[in-house]
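Here come two complexes built around subunit A, the first alongside subunit B, the second alongside subunit C.
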Partner chain A sequence: MNNSLKIIKYTFYDTLRSWWAILYFMFFLLVTGGLLYFSAGFTHSVASILNIILFIVPLVSIVFGIMYYYNSREFALLLMAQPLRRRQLFLGQYLGLAGSLSLSFLAGIGLVFLLFGSMEAIGLLLMLMFAGTVLSFIFTAVALWVGVQYEDRTKGFGIAILIWLFALVIYDGLFLAFLFVFEEYPLEKAATGFSILNPVDLARIMVMLRLESAALLGFTGAVFNKFFGTVSGIAVSGFAMLLWVFLPLQSFLRKAGNKDF
Partner chain B sequence: MIRIENVEKSFRKLPVLKGVEVEMEKGKIYAFLGPNGSGKTTLLKSILGLVKPDKGAIYIAGQDIQKNWEYRRRIGYMPQIAHFPENLNVEELFRMIRDIREMKGDNEELVKYFQLEKHLKSPLKTLSGGMKQKVNAILALMFDPEILIFDEPSTGLDPVSHLKLKQLILRERDRGKTILITTHILSEVGELADEIIFLLDGKIFFQGTTEELLASQEEKNLERAIAKITDREEFEKLAKREQHTSAVSRLFHWVA
Partner chain C sequence: MNSFGYHIILLLFTALSLPAGNFAFAKDLEVCNTCAWTSIKQAVEAAEEGDRILVRSGIYYENSITINKKISLSGKGNPVIDAGKMNGIFTIDKTDSVLIEGFILRNVEVSYRKDFAAIKVFRSNYCIIRNNSIENAFFGIQLEKSDYTSVLENKVVGEAIKEASSGNAIHLWYCNNASIEGNYLQGHRDGIYFEFVSSSVIRNNRSTGNLRYGLHFMFSDNNLYQENTFSKNGAGVAVMYSKGIEMTGNLFSDNWGAAAYGLLLKDITDSSIRRNTFSGNTIGVHAEGSNRLQVEQNTWTRNGWAFKIMGSCDEVKITENNFISNTFEVSSGAARAGSNVFDGNYWSSYTGYDLDKDGSGDVPHRPVKLFSYLLEKSPHAIVLLRSMFTDLLELAEKVTPVLTPEFIKDENPSIKIIKW
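== the complex of A and B ==
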């Protein structure tokens, strides 16, 4: 078996048994379950579920990721002293970690759907699952990248939380300010570009456009639909999402590979 | 077995190793001594490939270790602090390292020796510090590697386990292993070390037997010899005070 796979296996065992993973699973089970139970149907509560996913998944991934990095530093030392390439070790840790976070999330939402869902909602459900999984992989990579940059835990934590806050709140604020300042100009292309640069926005748009209420988005919706609805739009946004996984992961692996521990 | 040639290493422009040259052979125990910050840990970490030297080369069994990872199959490492994945149990941890090393590894005898049989199924987070340290020692020893590196092996061990570990280290030496130890417990050096490697300010200040070290400093006691090397000025102050107290006590003795 490949060495990365071995590390994935044990990281997976370890994190999936942790308190966090269980709590995370329970959270999605109860919250999405509650929302579905008290509303008319899956499609009606998708917007609420989406907002919860966009808020919670990046937060938990980034906090759990950075905690895991700092807590496993000493053990990583022991592993690095084994006949193993560093790249294999750290890639394995990343995949195990992001994998178990995604699994808790998917199991929570999936179970709710099996209980309350209907067949017509399956497309939306898959979209939500996809968005949540990709966000888990992105923010876990960001967390590890921050961890390897800063030896100091407190600093690392602070920066990780700031990044989360930026992606979720500050970015949108700046985006709005930008639209407001340049409202005289045609902004369709710039707006589309801005949305691609932030993975949280990208995930939001990808799901929103599949809702019936997308029609209510008016002009913006039309513009986005014109771009994100086309094959090339889907390809570009998919590629942008993958790039968001790849870039922090690659810089994490590179830095961890050359670092003195 | 291990040859270190002119190794230099700086951290953020602060030189830690300034041209270290050492050779270590099979069947000997080497104790690394030196004041805090003298570069002991950095040197051991360079051998393990955890720290990458700026200059110089390290050869293990004739093989340059730079950009090489397979040589670590020859090394068993026991770090100072045992920190394991919390939710795995002891058995799973052994299996994990066995999978990674792709070697069978015999831990049964060692588990018995350190009386850990009852704890094999316990999650690692429930083990005490001393227990974890025993697990740590077993991980280093179970693959029967040619080189063993112990970083402060006595940390957290109770006296009985400490004694057992020391006996094990001596046994491994007699089986022809190259053993590297850092320690602050000087009695351990006396009991175990065939050679002392004394690092001072990023360089090897002394390499030789305990007797040679004592002779070089004209001292009878290892503690004093080391204090003398590390900080001559402070040592002389201490020695003067000591003479003074012994003179005073002699005076009292005489008066009485």
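== the complex of A and C ==
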């Protein structure tokens, strides 16, 4: 346990020391700050901030995650020669990495909120923070999982970007195609199911239901609200989010544990 | 004094002296705790044609006061009449030219069998209802088969919770030439309800926070409504099955909810919509089965959908309007052109250019977004609202339009916001 903490601490500070974390922090500070500065208030620009979070957080998490994995390979090899369990080593690496990325994100957006936000919007801010943090943890896990699968860096990067693109764009395209193919059927449940399966969609819808624009969602929105308003709905979506963290992470740890480096 | 005024005075004097054969002068009956009359009902029964009843301030627990002679009732110092949840309060029954003013009317009974109202006008013409404040009533002011009635400067505030157990603030049924002006209506089922009403004017009213519609029109032809504010009503304003309606200078705002409209037009013909503002509604205007409409110089801002025009509309001319910051500008489920025209409007999402500097863009504007077109086909696709995919799709469609309906377009989009 002590060793694991040391690894977390090391990775955490290692990441924070690098330019990436600073840039990431600055990016959120400037972009959300700019948006809030030029818009009427926090609630008005939440939709734009949400879009930026959904775009940037998975991208940076996945790219930085896989880069960090490849770059720290030699160091990981060195540590593996020490009396350390591999699971501790890699779990520590993951937690440090995801933790520092989340921290940069939270600090960026939180600082802006302290400057421009108002107390009424605190619920929305927490929602955005939650969505961003979960997405960081999910996509860092995915990045490490891709890294351990492919020795070849180029291939690894390619696959990682593809996964990001899939979650952000391609999935929604398939979703839309599905809705059109089966338009004669009642699709409320299918639509709910589809959006739970993709963490990016899930995060977007959970925030949107709390925005004014929820009214635009019409009866589909009503179905969603009904679902996400119930205990089982929250439980199911929370479980789906956790599953998205757990599955790639577990897969990564298992693979890394058995791999002949 | 000029000669015109002199003639008027003379005329009035003659008019007043005409019924002098029956009684010499109209008299005043005062009602208060210490007056000759302590009950309004008794005073009304005792009054004769042409008398004035002056009610001094105080609380009167009375209901079902029937007025069947030409008298005027004036509240002085805001007297309160509390029906104590029993029946209605005033009923003007088959009597013309009655005036009711200056009362505070409270607690009319809610009934599922009878339409109790604070003031009911039944088969009576030329009545005036003004400056009353009606609180917690089932129906506020109800006019039936009465012509030339004026309802002015009243405040009707209800506490409606459910549509089924609430009435309308101002309710007109089979009336002509009514004028409804300067009223404040809140917390009822419908703010103003018109059924079989013609040649009437609705002006300067504020209808807000009603459960269903701020204004509800059915089978009512040739009416004018202008300078009203309809905000935060459950479903906005509905105008249905009528022709010759003029809607001018109204504000429709914040009708926001899953089933809310700024203005719902259903089977409206030969009407005009001018200089109105639609702001912050889920759907600004929803037009269905409506023909020959002139939609001019209106402004739409911050609506979900600014204008939903269904395939059943024809010859709707939408010119010189401003469409500013709406999520969707125009949406249409139609696969045909119809004869609807969009021309010379300002669109805040227009990305064209104006090289010849004539004030209108050189490339046409297509206000139907691809996504709103897709939504008409598959409403569930709304869950993809604000997703990266739809943004990309929109971008691709803008560069090379293949899917969006070609026929809905503005050939001369204005470059600047239109002012008038």
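FYI, the second predicted complex is superposed on the first by the 260 of 261 C-alpha atoms of A that agree within 3 Å, B and C clash if a C-alpha of one lies under 4 Å from a C-alpha of the other, contacts with A are read in each partner's own complex, and residues count from 1 in each chain.
Here, a residue touches a chain if its C-beta (ideal position, glycine included) is under 8 Å from a C-beta of that chain, and two chains touch if they have at least 3 such contacts.
What you see is a predicted model; the values in this text were computed from it and never measured.
With both structures placed on the common chain, the touch criterion links A:Asn51 to subunit C but leaves subunit B unconnected. In the superposition on chain A, contact of A:Leu59 is made with neither subunit B nor subunit C. In the superposed pair of complexes, A:Ile234 makes contact with neither subunit B nor subunit C.
In the superposition on chain A, A:Ala107 contacts neither subunit B nor subunit C. When the two complexes are overlaid on their common chain A, residue A:Tyr10 makes contact with subunit B while staying clear of subunit C.
Within the superposed three-chain model, A:Leu78 lies in touch with subunit B and out of touch with subunit C [touch as defined at top].
Touch criterion not met for A:Met129: it reaches neither subunit B nor subunit C.
Once both structures are placed on chain A, no subunit A residue is touched by subunit B and, in the other complex, by subunit C. In the complex of the two chains, the subunit C residues touching subunit A come out as 256-260, 282, 304, 327, 374, 377-390, 392. Interface residues of subunit B facing subunit A in the complex, by the touch rule stated above, are 9, 11, 45, 48-52, 69-73, 75, 77, 79, 81-88, 92, 96-97, 99-102, 136, 139. Against subunit B, the residues of subunit A that register as touching in their complex are 1, 3, 6-7, 10-11, 13-15, 17-18, 71-75, 77-86, 258, 260-261.
Considering their complex, residues 47, 50-51, 54-55, 168-173, 175-176, 179-180, 183, 187-188, 191, 195, 201, 204-205, 208, 212-213, 215-222, 224 of subunit A touch subunit C.
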